[in-house]
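Shared chain: subunit A. Partners: subunit B in the first complex, subunit C in the second.
Let's look at the complex of A and B:
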């Protein structure tokens, strides 16, 4: 490991291990939410960061995962997590049916289409009475077996989420170094150029969407398992997509650890503002999110990862 | 008869949609940037109208132009402070910048005005006119007529005046325009100003007959997207025709399938359109 990477990696490891040594339930809960947010943001990052396809519609995948989990519980009496595979399967179907045609659109057009699809999906779910309509659905109230994954503390959730995040980041890392990683970055930096160089653009965008959508759906299922409640807004609302975009953009879109870093910064921030301002505080958090998005877009589209690169380059130069 | 009634209601609302959508299409045509906060500009204008009436006791004859001026300034500010710097940047920055702006506007409005729905008194522009059985409210009639005239005015401004030719020159080719002595920057700032002013008028007009809430903008953003997409990106006459069509589609689908389905019909149309003809029905490929 190169020395300039040692410090951030050490900090990250200490942060990730810290919930095991803290006995504050609030701290452990926030840590679990950080990792959960990092899963969906990292999943978004595969398509939005590496391949440069800025989706505002990933809430659809998240909602599908979350609804599958609680439908499995309310309709079939299964443990909620049993719905996760269904959620992933539906996400694959959506990727092929909706994602593939929308990939003909580039840049702004793609983002507009995903925004509209998400709004459409939320409206349809609101009027879908089988799945609770506008009211939503509850998870199990009492733990019937271990499979319900109903824990009193947040630490078990933290461990589960961390395992899923590790798998996703390992896959992303492999992808980054494979042909697919190069193709996606080529697509991200110029679609027409990539196409003219022989990159099978639409096929690889679809691969990226499949990976991205499947893990976002899984994050949705995990969310439903932990929170035990889902309604159209918390599953399909546009803010779900906003969370993924702002975390990936702040940490560094198109970098392996960027979304995780973004989540580590932003989730505690929004939890703190919720605790500080009370229930209506989520509004204050989104003002801050909006400002962060504009500042990142205006001054530093590379995000925190870019700052680190610049800082460490300066240090190396000074040492030489 | 009911059909005629629905169509004329739809056309009047559609004219207002056409007005604020022509602002979006102007901005897109000038610099290939989509304003994800466009509907929130309309929301801001509605609050300007509401504030002007309740706090300053100004009537529609004053608060409609006032809202246009406020929004013009706001649009220029957004261009100078934000858009000018991101429009040459990476795609991610271009797309998320106005999205961040939308978040800030919406949640600042929520913070300042709370989530309550408020509305201007329905009697502000009161009365209902009967045209051989078709009953049209004065507020909607006024809004539709003003919107229609201003959208046509925007088209004439772009096609019949020297200023309009300069703006079109910049939208066609920045560099070439700069070479013949047209500075692109003021033209683009002007496009943002005019685009925002169109939402200023439209929002103040909508406030005459529609409730205001901080989240009302999302629906308008999507309506503007559909309109611009249907009419062709960058085309003001296209936006006019498409806006009218969408007003009618909304009004008919609300009647046939129930009010919640009107948004489903419009968003669904948008998604379908993007797949079939991404350049819009009247747009150039």
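Let's look at the complex of A and C:
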């Protein structure tokens, strides 16, 4: 490992291990939520970061995963996690259905289309009484077996989420080094040039969406398992999509650890603001996110990951 | 015949940017495509590379009809191109840019990297290989686009004003590069403004004006052609 990478990696490792040495339930809960958010933001990053196709509609995949989990429980009496494979399968179908037409659009037009699709999906779910309509659905109240994954503390969730995140990041790392990673980055920074080099652009965008959507759906299922409640807003709400975009962008879109860094910064912030403002302050998050989006877009499109690169380059130059 | 374009028309509304142009290209040729601004060269060029779908006409490349096929299909068949305004992948290093091209024929990362290094050495970019592509100026970017296109191992390379806008110190090196590409057995079509470059590079030239081919021949023949002089300089210059 190059020395300039050693320090940030060490900080990351210490942060990720810290919940095991903390006895504060609040801290452990926030840590679990951080990793969960990092899963969906990292999943978003495959399409939005590497391939540069900024989706504002990933709540669709998250909601599908979350709803599949609680539908499996309320309709079939299965443990919620048993709905996760269904969620992933539905997300694949939706990826093809949404991806084929929307990938004809480029840039902002693509973003707006995904935003519109997600808004429509939320409306559909609100009027879908089979799945609880506007009220939503509850998970199991009492643990029937270990498979219900119902734990008193947050640490077990933290471990599960960490494993999923590790798998996703390992896959992303492999992808980044392979032809697919090069092709996605090429599409992200110059679609016309990529096409001229023989890159089948729409097919690779679809691959990216399949991977991205499947892991976002899995994140949704995990969310439903841990929280034990889902309604149209917490599954399909605009803020779900915006969260992924902001975390990836803040940490560094198109980098392996960027979304995780973004989640480490933002989730504690929003949890603290929720605790501070109570239920009445839920709008505050929108304001904060809006400000963050503007600041990143204006001053630092590369996100936090980029700051580190710039800082270490400066130090190297000074040392030389 | 390597490339065969017949009766190509590209209409934007009532305006015909290309209005019935033909082009026949033999393997190993180095063909020049010239014409005044707005003559339809670039539109015609984009039809050949698949970036623009012609309104009428047919294009065959290596015996396959490619008229309505997308640019990436042209790439796989062995046609590569550069852009008038270079589009480099600005989130990548110079080597990574070229690797994107190399991945077309080499699925494995290591093989693609080797191919990229070979092409970088050939195009004189080896020293800049690890720099971010954004560190290159215009001449470097044009060279990088050529390198990236060569990495796809093309049979036919289309250069869209690859020499335009270069400082005179760079023009010699660029002419040398085009010659060395041709010597490798790659067929070339060169769109160019600078007459001197065309004179020195090509044996055969097509002259475009108002969407049509108005003259064809050696550089010396076409520059003596009254129709060409009229197109470039206007009627009063013909005396």
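Definition applied: the second predicted complex is superposed on the first by the 320 of 320 C-alpha atoms of A that agree within 3 Å, B and C clash if a C-alpha of one lies under 4 Å from a C-alpha of the other, contacts with A are read in each partner's own complex, and residues count from 1 in each chain.
One rule holds for everything that comes next: contacts are C-beta pairs under 8 Å (C-beta built on N, C-alpha and C of every residue); 3 or more make two chains touch, one makes a residue touch a chain.
Treat the numbers as computed from the prediction; the structure is a model and nothing was measured.
Engineer: Taking subunit A as the common reference, can subunit B and subunit C both be placed on it without clashing, or not? Answer clash or fit.
Structural biologist: fit
Engineer: Under the stated touch criterion, which partner chain does A:126 make contact with: subunit B (first), subunit C (second), both, or neither?
Structural biologist: In the superposition, A:126 touches subunit B alone.
Engineer: Write the angle, vertex at the C-alpha centre of subunit A, between the C-alpha centres of subunit B and subunit C, to the nearest 10 degrees.
Structural biologist: For this superposed arrangement the angle is about 70 degrees.
Engineer: Which partner chains sit in contact with A:183 here, subunit B, subunit C, both or neither? Use first/second/both/neither.
Structural biologist: Second partner only.
Engineer: Just to be sure I read the superposition right, which of the two partners does A:200 touch: subunit B = first, subunit C = second, or both, or neither?
Structural biologist: Second partner only, subunit C.
Engineer: Of the partners subunit B and subunit C, which touch A:192 in the superposed model: first, second, both, neither?
Structural biologist: second
Engineer: In this superposition, which partner touches a larger number of subunit A residues, subunit B or subunit C?
Structural biologist: Answer, by number of touched residues of subunit A: B.
Engineer: Just to confirm the value: shortest Cα separation between subunit B and subunit C in the superposed three-chain model, in whole Å.
Structural biologist: Minimum C-alpha separation, subunit B to subunit C: 9 Å.
Engineer: Please output the residues of subunit B touching subunit A within their complex, sorted ascending.
Structural biologist: Going by the criterion above, the answer is residues 32-34, 36, 82, 85-86, 89-97, 99-108, 110-111, 218, 222, 225-226, 229, 260, 263-264, 267-268, 270-271, 274-275, 278.
Engineer: Please name which positions on subunit C make contact with subunit A in the complex.
Structural biologist: Those residues of subunit C that touch subunit A are 49, 51, 70-72, 74-76, 80-81, 83, 87-92, 96, 99-101, 103-104, 107, 109, 112, 145, 148-149, 151-152.
Engineer: So in the complex, the part of subunit A that touches subunit C is made up of which residues?
Structural biologist: Result: residues 177-179, 182-183, 185-186, 188-190, 192-201, 254 of subunit A touch subunit C.
Engineer: Mind pulling up the subunit A residues that touch subunit B in the complex?
Structural biologist: Per the stated touch rule, the residues are 48, 52, 54, 56, 101-102, 104-105, 107-109, 111-113, 115-117, 119-120, 123-124, 126-127, 238, 242, 245-246, 249, 253, 283-284, 286-287, 289-294, 296-298, 301.
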